[in-house]
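You will see two complexes here that share chain A, one where it goes with chain B and one where it goes with chain C.
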Partner chain A sequence: MNMTDILAGLEQSVLSNNPEETARALQAVKSKEYSGDDILNALTRGIEKARQGFKQDKYSIPDLLLAIDAYRMGVNFLKNYPPFSDAQKEKKSRFQIVIGVAEGDVHDLGKNIVAAVLEASGYCVHDMGRNIPNEVFLEKLESTKADVLALSTMMSTPLDNMAELIRMVRKMFPQTAIIVGGAPFDVTLAHQIGADGYAENAIAVPEETKRALSCITAGEQAVASKGLT
Partner chain B sequence: MIHISPEDIKLYDDVETLSSLICEQIGYSPDSVSEQIHSRITDIIQKGLNAVELEFLVRTTAITGWEKANIDGTCVNIESKKWANLLNTMESPEVLCCFIITLGKQIDIINKELRKKNLFDPFVLDAFGSVLVEKAADHLEASIGIQLKKNNYECSRRFSPGYCDWGLKSGQEAICRFLAPGKIRVRCLTTGTMVPAKSVSAVMVGAKCVPWKTPCRFCREIKCPYRREKNE
Partner chain C sequence: MKIVDTIKKLKQGEVPPLGTIPDSVLDFAAGASSLRGRFQSLTSLERVLTAVRHKEPDRVPVTAILGGGARQVSGISFPDHSLNADKTAQAFLDGWRFVGGDLVILMLDLSLEAADFGQKIEYPDNSTPYPDYDHPLIKDVDDYDRISSFDPLKSPRMSEFVRLCRIVVKEVGLKSIITGFVFGPLGVLSMMRGAERLFKDCVLYPKKVIKACEVITGVLIEYVQAQCDTGVPAVAIDTLFASKNGLPKKLWEEIEGPFAGEISRAIKDKGLIVGVHNCGHDLYFDSQIRFMEPELISFAHLPDDCKNRKELKQKYGEQVSLLGYVATPLLVHGTPTEVMDECRRQIDDLAPGGGYILGPGCEYPPNIPLTNAIAMIKAAEKYG
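Then we have the complex of A and B:
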């Protein structure tokens, strides 16, 4: 197998629904001493195809999750891949996103998927978990200097509290973009509550995040300079 | 009036049927699932079944009256226009039967652990919990129906806070105040969320004659995803 085939195999393994295939593909690239960037690009092409497949209804949610799991396996592999991990340390940090489920709600399945999609799209994601009090979000925003706060709820009852959090974030961290998602939301409610963006589903999240960031930061140029997909 | 022992509620534990139901729930066609994925789903089901600690509470109370948007019982009140309206179609609605059933906290604990490893397994376990707790609630509902029948009552279907026009927060608070579910290690957050997550709370109405078991037949929300009966 030539070098291009091996990378194509890695890319394809992301779509295979088979973690063992991804593990085998990673072993194959290791033996050939590819650059970390080549490996990351192959993985990214794979996850991008999965995202597109989901968008076009060719893949189901579990297919997408298996692809994200494969992508994550590859990214974890890269963390211990010396030439790549050393180079990454020197790279400028990526956009930081704090994500979590509002206080009073324990439904975190959607949030977990969104967090993984954002991670796979090149963002640095700080996943706070579920049922998170407002002050914990604020502390994390302070410590990470996050560019984006992504809030989720599946219920309507935490919305008042969420609106209060958004008001506080606006006041304390005016440079932080806020996106929301979950069952009770639509575009109108998202804007009413004070968010910069609303993502209807996990697939829409990367684009919506980019859009919300471009409203807050210096625009699309800044987004592009941080190498987001 | 109602005595249901834990042995009366059998856990739905047919792995193959559960696997089909879970596939359907998560968006897989059971026929198209590879052997490897099928085996992975089966393993998660087995893990889930081993973790289930099924517990429930059932308590009845007398209906003391109902108005346009309210059903009043001794120690419990239901704020729902649609269900209050349904009582107008019944003959002598006399009993409210409230229950909470839970799969226990182990499912939540295992799911938290799985989430650290990947996304697929907790997704399947979550679907497993949803399917199983609804099956268990179906079983409990049927058992309550049998008990009510022994007492010469027909009964409505179960209805839960957060559905129809019954508010989640006020509904869960009403049921939890009445049942005190701490006994089965269930608690209700201020927003109405129950912990453990795989828990179901509901109420049934007992009456001498129940021609319509839900308000669906005279409800105008024809596209409601939770519709249980068609309009006449």
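Then we have the complex of A and C:
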């Protein structure tokens, strides 16, 4: 198998619904002299195909979840790929995103998908998990100087609390863009609650994040300069 | 059921099991109600039964699907609303009397069944109960084999729910239709495993999941039969994962479809109406109808094979009655006028010919004011 075939195999393994196939593809990659960027690009192409396939109804949520697992398996593999992991540490120009499920809700499936899609789109994602108190979000925004706060809930009961968090973020971190998503939201409610953007699903989230960022930062030019896809 | 027994039930203030009455009799009664409804107001019972027989009643029947929201009327805490049948009944009854409506759906938190299988549940004071996903009952795929059967009438939450049905049926009598409720086996498993892991297991280890569904379904069948015995005229099955928020259609049909069918048959064997509740996106009307043959589907979004609600009515309007589908976000942020306008649009498209009940797409949001619940009731009265 030539080098291109091996990378294509890795890309295809992300879509295979078979974790063993991804593990085998990564072993095959290990035996050759690939750059970390080549490997990451193959994984990213795979997850992007899964996202597009989901958009076109070719893939289901379980397919997308398994593709994300495969992608993450590859990213973890790269953490032990010394030249690449060192180079990644130097890449400090990426936009930082803090993401989590609001306090009072434990539904994190949608948030997990969105976090993986944002990661594969080039963002540095800090996934806080589910049922996260407001003060924990604020501490993370402070420590990461995050560009974006992505908040999710599938229930209507945390909405008041989310509105309070958004008010605090606006006051304390006015340069942070806020996007929201989940079952109780539509565009109108997202704006009423004070968010800059509303992502209806994982398909829409990369574009919506860019749009929200461009509202907060110095416009599209800043977005483009950080090399987002 | 003999006509004498039907009359006896009615005299006792209970709705007789409608499935035991010949279709011709029900159609005749619905036709007569429809005719009478042109000149007089029908009772809620007549209105709903006329609609589900696909005849036009005096006006569109309506329900606000007040679950946790009804607590606001009685001042009952979320934990009491979930755990104490007397208080839950008080909340449902107070909510129904305050807001109105023709149908009372006894929808509680979706962790109810999982709690009795042994899943640890959190009961916050200000929100709906939820599973403690840091301690899932099914930690790895081998744990599916460890799910075991039990008697739901001796388990804390399911037995309380059955008691709730009994109390509400007795209090409401013939003034409204009361609907029991059960979460389907995959839903119950999602509460014990987490939806994300469950979905992946459905692809990677379907046999394990099916085996667990089999055990759970056995318990759920006894549970719904016990609900049926309380005198509720209908039971709704929640098959949320028969939608694009859940499994692909074929996989749902392979894994949960047959079990959902068994639960439905158990309800029908008792002569009751089967409802389906599914608030997922692009839900599979066709599959759910094929497996469960429900009389009614409560939905929040259009099915996967319909582009708009006129197409929905045309495609499925004669097979099932439709309940829905005012959007949750609109109920949260909309004014009562906006909600009533949306109700009017839905009534215009879905009500002609009967077979339609106006309501929200899912449970009325528990913590928001009840003004938009009242707006839906007013809309049915004004535009229905």
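Throughout what follows, the second predicted complex is superposed on the first by the 228 of 229 C-alpha atoms of A that agree within 3 Å, B and C clash if a C-alpha of one lies under 4 Å from a C-alpha of the other, contacts with A are read in each partner's own complex, and residues count from 1 in each chain.
Note that in this section a residue touches a chain if its C-beta (ideal position, glycine included) is under 8 Å from a C-beta of that chain, and two chains touch if they have at least 3 such contacts.
None of the values given here were measured: they were computed from a predicted structure.
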When chain B and chain C are modelled together on chain A, clash or fit: clash
Contacts of A:38 with chain B and chain C, given as first, second, both or neither: neither
Chain B versus chain C as contact partner of A:17, first or second or both or neither: both
Chain B versus chain C as contact partner of A:72, first or second or both or neither: first
Touched partner set for A:48, first chain B, second chain C, both or neither: neither
Chain B versus chain C as contact partner of A:183, first or second or both or neither: second
Chain B versus chain C as contact partner of A:109, first or second or both or neither: both
Chain C region in steric overlap with chain B, selected from 19-27, 181-189 or 343-351: 181-189
Residues of chain A at both interfaces, chain B in one complex, chain C in the other: 17, 60-62, 65-66, 69, 104-109, 112, 155-158
Chain B-facing residues of chain A, complex: 17-18, 60-62, 65-66, 68-69, 72, 103-109, 112-113, 116, 131, 155-158
In the complex, chain C residues that touch chain A: 124, 126-128, 130-131, 133, 195-196, 199-200, 202-204, 244-248, 251, 279, 327-330, 332-333, 365-368
Complex contact set, residues of chain B against chain A: 26-28, 34, 36-37, 115, 118-120, 122-124, 126, 162, 168-169, 189-193, 195, 197
List of chain A residues in touch with chain C within their complex: 17, 19, 57, 60-63, 65-66, 69, 104-109, 112, 130, 155-160, 183-186, 188-189, 192
